[in-house]
Amino acid sequence: MKVGFIGLGSMGYAMAEQLRSAGHALVVYNRTRERSERLLGRGVRVAESPAAAARYADVVITMVADDAAVEAVTLGDDGVVAGLSPGAVHVSSSTISIALSQRLAAIHAKANQGYVAAPVFGRPDDAAVKELWVVAGGPQAAVDRCMPVLEALGRGVTRVGESAPAANVVKLVGNFLTGSTLEALGEAIALTRKAGVDFTAFLAVLLEVFARPAVLARFASVIANDQYEPAAFKARLALKDLRLALAAGDAMQVPMPLASLVHDSLLTATAQGRGDFDWSVIARLAAERAGLGSR
Amino acid sequence: MKVGFIGLGSMGYAMAEQLRSAGHALVVYNRTRERSERLLGRGVRVAESPAAAARYADVVITMVADDAAVEAVTLGDDGVVAGLSPGAVHVSSSTISIALSQRLAAIHAKANQGYVAAPVFGRPDDAAVKELWVVAGGPQAAVDRCMPVLEALGRGVTRVGESAPAANVVKLVGNFLTGSTLEALGEAIALTRKAGVDFTAFLAVLLEVFARPAVLARFASVIANDQYEPAAFKARLALKDLRLALAAGDAMQVPMPLASLVHDSLLTATAQGRGDFDWSVIARLAAERAGLGSR
Amino acid sequence: MKVGFIGLGSMGYAMAEQLRSAGHALVVYNRTRERSERLLGRGVRVAESPAAAARYADVVITMVADDAAVEAVTLGDDGVVAGLSPGAVHVSSSTISIALSQRLAAIHAKANQGYVAAPVFGRPDDAAVKELWVVAGGPQAAVDRCMPVLEALGRGVTRVGESAPAANVVKLVGNFLTGSTLEALGEAIALTRKAGVDFTAFLAVLLEVFARPAVLARFASVIANDQYEPAAFKARLALKDLRLALAAGDAMQVPMPLASLVHDSLLTATAQGRGDFDWSVIARLAAERAGLGSR
Amino acid sequence: MKVGFIGLGSMGYAMAEQLRSAGHALVVYNRTRERSERLLGRGVRVAESPAAAARYADVVITMVADDAAVEAVTLGDDGVVAGLSPGAVHVSSSTISIALSQRLAAIHAKANQGYVAAPVFGRPDDAAVKELWVVAGGPQAAVDRCMPVLEALGRGVTRVGESAPAANVVKLVGNFLTGSTLEALGEAIALTRKAGVDFTAFLAVLLEVFARPAVLARFASVIANDQYEPAAFKARLALKDLRLALAAGDAMQVPMPLASLVHDSLLTATAQGRGDFDWSVIARLAAERAGLGSR
């Protein structure tokens, strides 16, 4: 396919190379022309503006830093919207706000252009070995049209439905989940360091016990089904364990704010008469805080 | 081996059955005798007290509800300490406080008895299919002695060193980590529900992207090495994403206290001049809060 | 003085009445004309647009709901900027973002108009009895010019300096402080309810012990001077008390997230070797998180 | 009256001096005798043990560091319980756990001795000028009996009812409230510092607006009555302001975890359909987390 690619940072560059390797005809644009030229003479053409890159493309991908950068390359006389043909598709892979994604969906729809949000999970070195994971949202026809391009970017694509911003939500939620893991690991490792636990042994347990897709899938399904009985592990017993973890933190002088957050959720569940439910019931509390009723 | 087993709740019962299947000679004790008798007549003897169960055992395991229950079966005239022979080993598998584990280590040492803390990860139905993971801490000779018993309990054993309480710390930290995942999933799923994201698609992304041992191992190693440069993903860029996640939560009315916690850590790192470090640097903040210096 | 007043919600209406009572010549504008007319025929004129209200005024006050409403009445052909004479002053009393306040300062400066941010503390019924407190920020000459108007609004005015947005910061911080008090009272009263403490007695203690300007002034000064020795009350002793408060919450099943936050700050201070400092040292932690050095 | 006084730390010493000045006959005990002797020869006798101090007293006060210290001076052969006459009263002024206070109440009741918990608010230099505030809980007759002593300690006494531990709860809650104020001031002052707000001006606003007993009383009463309509300030408007405060913190790189906590409570209230209630409704959320229904 004829593909425009806008934004050749370390991630964008690696993605563009994957597209070239997959045999797509590539026209690239980057704010500083120098990076574009590194791809030139390898069957890649360089455009003078985002609009020019978009003009002859079936699919144009934008992969830039933030909302402001996306607006800069998309709107205005030189932007993607000005150049893209009716029926061609703008694939936005940047991590941007839901509000901007909604706005872009409306703008492109008005211009009879396709708009697909397709953020990616992974790092530049994952991109370089085609190990990214792509999450795509948008009208079915538009997503269908650019699937050959999306599939060339990484090891797989998950389609989240007709709403483009839904894909951006999944990307933001994903980064939040990883950040939560880092916060949790920070507190956990601080405590084990102070307790003199051997790190190699601790890591071995982590890998045997926590990094298990089956466990995550089980919990996520329980939460999605909103069904917390019968309990595999009761909230009131988990509360006891969090209390002991905090006591250990207190004794060894390791502040554990995330442990307090989990403790408070379990205490809330117990105080509200749900202590015999499975401890994943704390996810129902999160839903209730958001005003969501039972499924 | 001759094994005493004290505490036949749903977890203890399944563990005792594994020991029997593995060919160990079992003497059991439970507060309510009824549960013990379900094992009787299947090559298992029933003891009248914890002390009696301990008396003829090489290794006696306690698997009861909490600190108070462990004290009740261990101390006093009828307790494990009173019955256990010099050189025999008490394996404490209950999830208990660090303080009690330290105290038990001292009491058994004084009585010339072995003491090993060996909490288990998994649920009763995991125990029933020998899928538990055991974490063992204690003096090397004592752990060596009871390894045949520990290995009969589950799919593997991690030894964390000469300190018994270290094993309890790992267990508490483990439950904290799982609780953190539940809290994070709760907020994440509430947001995706309100955003209209299809759950099956979301779960697919979760499994492809998050439940990956390699990712966890990579982060844990970075944190343990306390080395945050070069950055795979910069703290200040992650901060932007958390800000967007919170903005999405605000717009859709989904309170996300854990996301705020992660955001604040990333903002702290950035405000302190560490915005270009890898975002796992938030674990260094946790260490610094605990008064720990660089490695 | 000739005063334009834009925004006759319950707060704005009461403020406008104070200005009329003080003898200022008033021209009012409200989005729904009906509210304006309640003031008509009492020496007050009604304008057809914000620009018209601004046109003949020495000082024009805007008191509307949020950023969007301020933009709507200030910018555009019918807005305050279009109508205001050079040298006249726009007093913005709405609670708005720092970003918008900065933008308005620049816009008015370019138009040779004065701009003063003057948010107010108090409620509509305080306004009705001239009990508001006004916080004013902006270039000295502009603030001087509108002081007769500001003084007519409430029981006093605090000038925070040449920067208009600084006044908005003080307003936002003020509402944050009150919100914090509500959160703290919520947890405190939940615990005392469960403990069976008589509310009247509790309130008496609150009033005798906490609502004391001298106490607040003492703490604020210690924090501003960043001087935590000698300690009036040591951080490590306060840590003990917070631990006991959390233990009481645990025992009575009252989740106390704010108490956990305070506990963690005190534990951090202690873990970092500052346990013998005055407990107000937790404010230094907040400053350090923001990358601020010692004073 | 004949008063025993145990514990002559800086606070206890100042309290003992007040009792001597008020004309009570004083027998003192301190772990290190040296401090006792500073009071000797000024009409004060020194006892060799807590029991000895208690033996001839009508009322014996203990003012020591923590639970362990209270147990040390109260229980055992040399302790207060062993020395105190039937009908005489033990006044415990230390800040201790609810659990220990409950236990002491039971022990003294069994020994036909009175037990009153009477923690004090204030610092040693407040004690030195009789500015402490005393909170007393216990059986009416016992409290009546020691009122002359309690009144000699400070500027006033609040009686919280027949339950001694209730007084301890009030003390712990009080210290929590002050700690919350410190945490809030820390974040507030960090933000105003970065925003360049003049501290003197900020302090002036604080004193005019926040340190007002009437405001605190108004909020506390609304919360106690659990009546949030009509709203003086709606939760959804307060939510907007907290959102702006957090945005200011973000822009100036000031992490504000407490502001996030308040924001999340207001967002929860709004998401649950209570956005038009007074913003003090966040206290109802705290009550609901504790499983408390409406009043």
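Chains: A, B, C and D, in written order; residue numbering restarts at 1 for each.
Basically, contacts are C-beta pairs under 8 Å (C-beta built on N, C-alpha and C of every residue); 3 or more make two chains touch, one makes a residue touch a chain.
The structure displayed is predicted, hence computed values, not measured ones.
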* Asked: Where centres are the averaged C-alpha coordinates, which chain has the largest centre distance to chain B?
  -> C
* Asked: When the contact pairs of A-B are compared by residue number, which of B-D, A-C or C-D has over half in common?
  -> C-D
* Mind checking the centre-to-centre distance between chain A and chain C? Centres are C-alpha means, answer in whole Å. => 38
* So how far apart, in whole Å, are chain C and chain D when each is placed at the average of its C-alpha atoms? -> 29
* **chain B and chain C, separation of their C-alpha mean positions in angstrom** => 48
* **Contacts with two or more other chains, residues of chain C listed in rising order** => 253-257, 261, 264-265, 267-268, 271, 289-291
* Asked: Based on which chains are in contact, what kind of graph results: line, ring, star, complete or other?
  -> complete
* To do: Could you pull out which chain A residues touch chain B in their complex?
  => 65-66, 95-99, 121, 123, 125, 133, 135, 156, 158-161, 163, 165-166, 169-170, 172-199, 201-213, 215-217, 219-221, 223-224, 232-233, 237-238, 240-242, 244-245, 247-248, 251-259, 261-262, 265-266, 279-280, 282-287, 289-292
* Structure fact -> Per the touch rule, the chain B residues reaching chain C in their complex are 257, 264, 267-268, 271-273, 288-291
* Asked: For chain D, which residues count as touching chain B in their complex?
  -> 243, 249-250, 253-257, 260-261, 263-265, 267-268, 270-271
